[in-house]
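Common to both upcoming complexes is chain A, partnered first by chain B, then by chain C.
Here is the complex of A and B:
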């Protein structure tokens, strides 16, 4: 079991950059272009790793430390995330809270490194990231708490196995709400359209991209890799919520990868079909996700 | 049991949408959708088949709330030529969070009230929540038209409460409420038109500027 958990984690670490390539490819296809090859993100990571690093004179050790810390934080989240019906490498009672914590640490390190550069644009990005984070983090905890109440277990492995029992048949209105919240949260956390547009580099409207502006070379590669890992974690989390039990282990793994790729394709199609929203609508979206999560919790508690 | 729960979740979601949306057109459409969702309740609420009474109530509610009221409101909207943005005293995220608090409050309250609704454990709290949402919309929004929408939301809540609590006298109660609501929407549509002609907009804050009111305040 442990060997499979490690294998799944390595699979996640290896496949994560592919998701960004898929989205870029879909956007190109919808726009009528051929698009970059799917492995383009890997090529870019290798290219960046071979470059040198430039640090601004205002920056301190925080900027140098942050990329490694962020990759470590999100990497731990990948190790914790159950995949294909197998519990993660790290799994213990109450690991849900630690899971949210490591994602939070990655977020705070991103913000701190952005503030450390002393650039006003990065300060704007940091403030936006925290504005959304302060609303979306409780929403994630509440959504996970709702599922934890359904499964009456407090480990990520059992929470993510919610769709393998009869919970969907008995409680579909609540679980549908939770899935909707997680979908919106994935968009917010991975900074995709309509929350953030990764394709434009216009500082006035960017959130995630603006916070990595002053990183260069291997540091930038680490930041981009961490972002890809975050997408993988969120994709697996969302897919786990609806993934039924399959008989053979290879079918479970295949269904897991297929689900994440399908979800990525949906994100790509959404991204091709709409523009990013005005900045003042984003707190409404995040607060709305939190409100729906709370609503699911109230309904769940009231039914017992 | 599942269907009625899903309908209740739909009612709550439409209420949260009303609290969070900032467009007048969307506002009227959402309240229409809420009316349609509410109209389905008599058909599925009391398991033993669909009676004639439930069918008539459902059909009349559907036509009134789904078609007639939105049309009247859109006519008032165009006649008054108002802006599309809703003006508020309480911002949208705060309104949505207040809505969640109201839902929690009404759940807590209904846990202590001896109301025996055998339909669904969720029905009475959700009805209470819809009523509270309507009241909140009336006091927290500026334009006259949005207050009509708040009133309709309130009415949806009362309708839901009567469907789940007194299914025996459903017909009499529903027809009474619907007549009231129709008269209210009709009269308020005319009132909105007159307010907008008098003040060039339908901002209820402008009512403070009325001459008699100002004069009486100065004499005090």
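Here is the complex of A and C:
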């Protein structure tokens, strides 16, 4: 079991950059272009790794060390995330809480390294990122807690295995609402349209991209890789919520990867079909997710 | 003549050093004895008759007292060493007075934690208030400080008045011994609970009783702020916990109300913290929000006990108890760091600081440790206790029926508090220590001396140790924990221990991965070229430090959403003319409780002005008041 957990984690670490490539490819296809090859993000990571670094005169050790810390934070989240019906490498009772905290530290380090440059543009992105964090963390925790109440266990493994029992047949309204919350959270946390447009040209409208303006070379590669890992973690979390049990282990792994890829395709299609929202709508989106999570809880409480 | 003055100076310095090191020695001894009690030693008692009515010199160091003694001895000792370098060197008399009151403050807090007699407890409580009042008003040439001291004294005494009522009722019901444990559940237990929360809540800084805290804590010298924020507000928490022990089996509504108060305290405190411009006020308000976190934990613990959900109860109380220690450590560190900044720049205003991490490298790293602990980052201790309380809320949601809602209030409220606290931490460090200096004061800052750095290094080290070795801390806390939860079935504690072991392993694995990634990346960089350039200004060639994000602009998106929780007035004087001249924006942030809750009470003033007739300053008439009062009491007794 442990060997499979490690294998799944390595699979995640390897496949994560692919997701960005898929989204870019889909957006290109919808726009009528051919698009870059799917492995383009890998090429970019390798290219950045070979480049030199430029540091700001304003910056301190924070800008130099934060990227490693961020990769470590999100990497630990990957190790904690169950995949294909197998619990994560690190799994213990209450790990769901720690999972949220670990993602939180990645966010805090990103924001601090952005502020380290003293740039007002990066301050802008940092400020928005923290606002989204403040708004989305309660919603995420409540949504996870609703599933925890349903499974009566507080482990990510058990929470993520909710779809493998008969819970969807019996409790589909609650789970559907929870899935909606998770989907919104994924969009917010991974900075996709309509919350943030990674392909935008104007620094004033960015959130995540503007925070990495002054990162360069290997540091930028680490930041991009951490972001890819974050997408993988969130994709797996969302897919776990709906993935039924398969008979053979390779089918489970295949279904897991397929699910994440499908979800990425959906994000790509969404991104092709709508624009970024105005910044002042974002708190409403996050608060709405929180309200939906509470609604799910109320339905769940009515059950028991 | 000069030689004589020189010897006198040397003498005074030697005396001061002797005082400081005896304080440190006393703290170390107290800490050692507390550890011995916590690690399985029997409770230490001392009792003597006292010639005061209802009083006995009854002192006991049991597990709960010992647990609260730990942060007291650590922060007390660190503060003493730090204060030596921090206190202004101008007036020798003032320095000695500061140490005198510092000693009294430490001793009275120790007695508060250990007293087992109501009169002794109240005396120690008052000494604590008075000693800290004199420390708060050290800088009494400053009008703001005098105001802070006044507010503090009034609030402190109002709280004590409630406590006197509490102990009178409790003592009468228990046959004269308020601290007699293990009696039956009293019929008036509910009322006593309310009195305890109100009376101790003033000291703990529960919203809306917190208004003195953001005035008094920043006004004190920084090592005293560290002690007040890190430890003294915990005497309120201790009082509530001790009362819960004395009152016996709790009712469910106690837990509900504690959770509600905790969430209110946490969210309102954190919201106020992020809109402050004064560094030490940010920290003071953040203490309010941390007390909120502790109260949510206590509330979950009480509710779990009332609902007979032992795991919820154990996790909640464990989180609250650990946070008492953890908050003491990191808030002590942060106040000392802020003090170092004040010492070197002469200002506490965030808007004048910036870029300090480059000029004060040690202080920068230490301060960063503190804010990351406050932001609940794994590896550091803040996240440990927060995770325990979150876990308790998660278990609380498993409760049947409506009680599950308490769990979700705790969980959601704590998540929101935690998010705001993280925002506050990032804002504090990002504005003061990162970026460019916003004024001359920030540009010339130098690193502080060893005497001020060492205590901070110790506190930061303890923050890391309690963050990575969390199960060991819980082991030390176990005796105190079972004192508040009541006897626990075997296996209940497996859950918090498992969680903390998990957090520790996550922290260590994360730190290891981070180190490996960093080292590998450095090797890459060595092969490649690295250059230093100005921050990219998106094509703008003349950036100035004033263009940076300020604290207020950093938190603006959140204030737009949750701004209704703070009372903020904005005046914008912009002339509507064809060629506008310089405009001015004024923003004033007041405490919402002061403006919305206490302001209406100014009506009372008109009524009370009539009563002032009695206060005329003629001593012979005052004596007559006393005589008349005594006569009336005598008549009433003789009736």
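In this section, the second predicted complex is superposed on the first by the 303 of 304 C-alpha atoms of A that agree within 3 Å, B and C clash if a C-alpha of one lies under 4 Å from a C-alpha of the other, contacts with A are read in each partner's own complex, and residues count from 1 in each chain.
Throughout what follows, a contact is a pair of C-beta atoms (placed from the backbone, for glycine too) under 8 Å apart; a residue touches a chain by one contact, two chains touch by 3 or more.
Just so it is clear, the structure is predicted and the values come from calculations on it, not from any experiment.
Colleague: First (chain B), second (chain C), both or neither: which does A:283 touch?
Modeller: The answer is both, since A:283 touches chain B and chain C.
Colleague: Given the touch rule stated above, what does A:217 touch, chain B (first), chain C (second), both, or neither?
Modeller: second
Colleague: For the three-chain arrangement built by superposition, which of chain B and chain C touches the greater number of chain A residues?
Modeller: Counting contacted residues of chain A, the larger count belongs to C.
Colleague: Does chain B (first) or chain C (second) touch A:120, or do both, or does neither?
Modeller: In the superposition, A:120 contacts chain C only.
Colleague: Quick one: classify A:294 as touching chain B (first), chain C (second), both or neither.
Modeller: Both: A:294 reaches chain B and chain C.
Colleague: After the superposition on A, what does A:177 contact: first (chain B), second (chain C), both or neither?
Modeller: After superposition on chain A, A:177 lies in contact with chain B alone.
Colleague: A:79 in the overlay: touching chain B, chain C, both, or neither? Say first, second, both or neither.
Modeller: second
Colleague: Quick check on the superposed pair: does A:302 touch chain B, chain C, both, or neither? Answer first, second, both or neither.
Modeller: After superposition on chain A, A:302 lies in contact with chain B alone.
Colleague: On chain A, what residues does chain B touch that chain C touches as well?
Modeller: 135, 283, 287, 290, 294, 301
Colleague: Which positions of chain A touch chain C when the two form their complex?
Modeller: 49-62, 65, 67-69, 71-73, 75-76, 79-80, 90, 92-98, 100-102, 104-105, 107-109, 111-112, 115-121, 123-124, 126-128, 130-131, 133-135, 137-138, 140-142, 145-146, 148-149, 152, 154, 203, 213-214, 217-219, 222, 279-280, 283, 287, 290, 294, 297, 301, 304
Colleague: Mind pulling up the chain C residues that touch chain A in the complex?
Modeller: 354-355, 357-358, 364-365, 368, 372, 375-378, 383, 386-387, 390-391, 393-395, 397-398, 400-402, 404-405, 407-408, 411-413, 415-416, 418-420, 422-423, 425-426, 429-431, 433-436, 495, 498-499, 501-503, 505-506, 509-511, 513-515, 517-518, 521, 524-525, 528-538, 543, 545, 547-549, 553-558, 560-561
Colleague: For a test of understanding, state which residues of chain A touch chain B in their complex under the given definition.
Modeller: 135, 172-174, 176-177, 283-284, 287-288, 290-292, 294-295, 298-299, 301-303
Colleague: How about chain B: which of its residues touch chain A in the complex?
Modeller: Within the complex, chain B touches chain A at residues 2, 5-6, 8-9, 12-13, 16, 20, 92-93, 96-97, 99-100, 103-104, 107, 121-122, 125.
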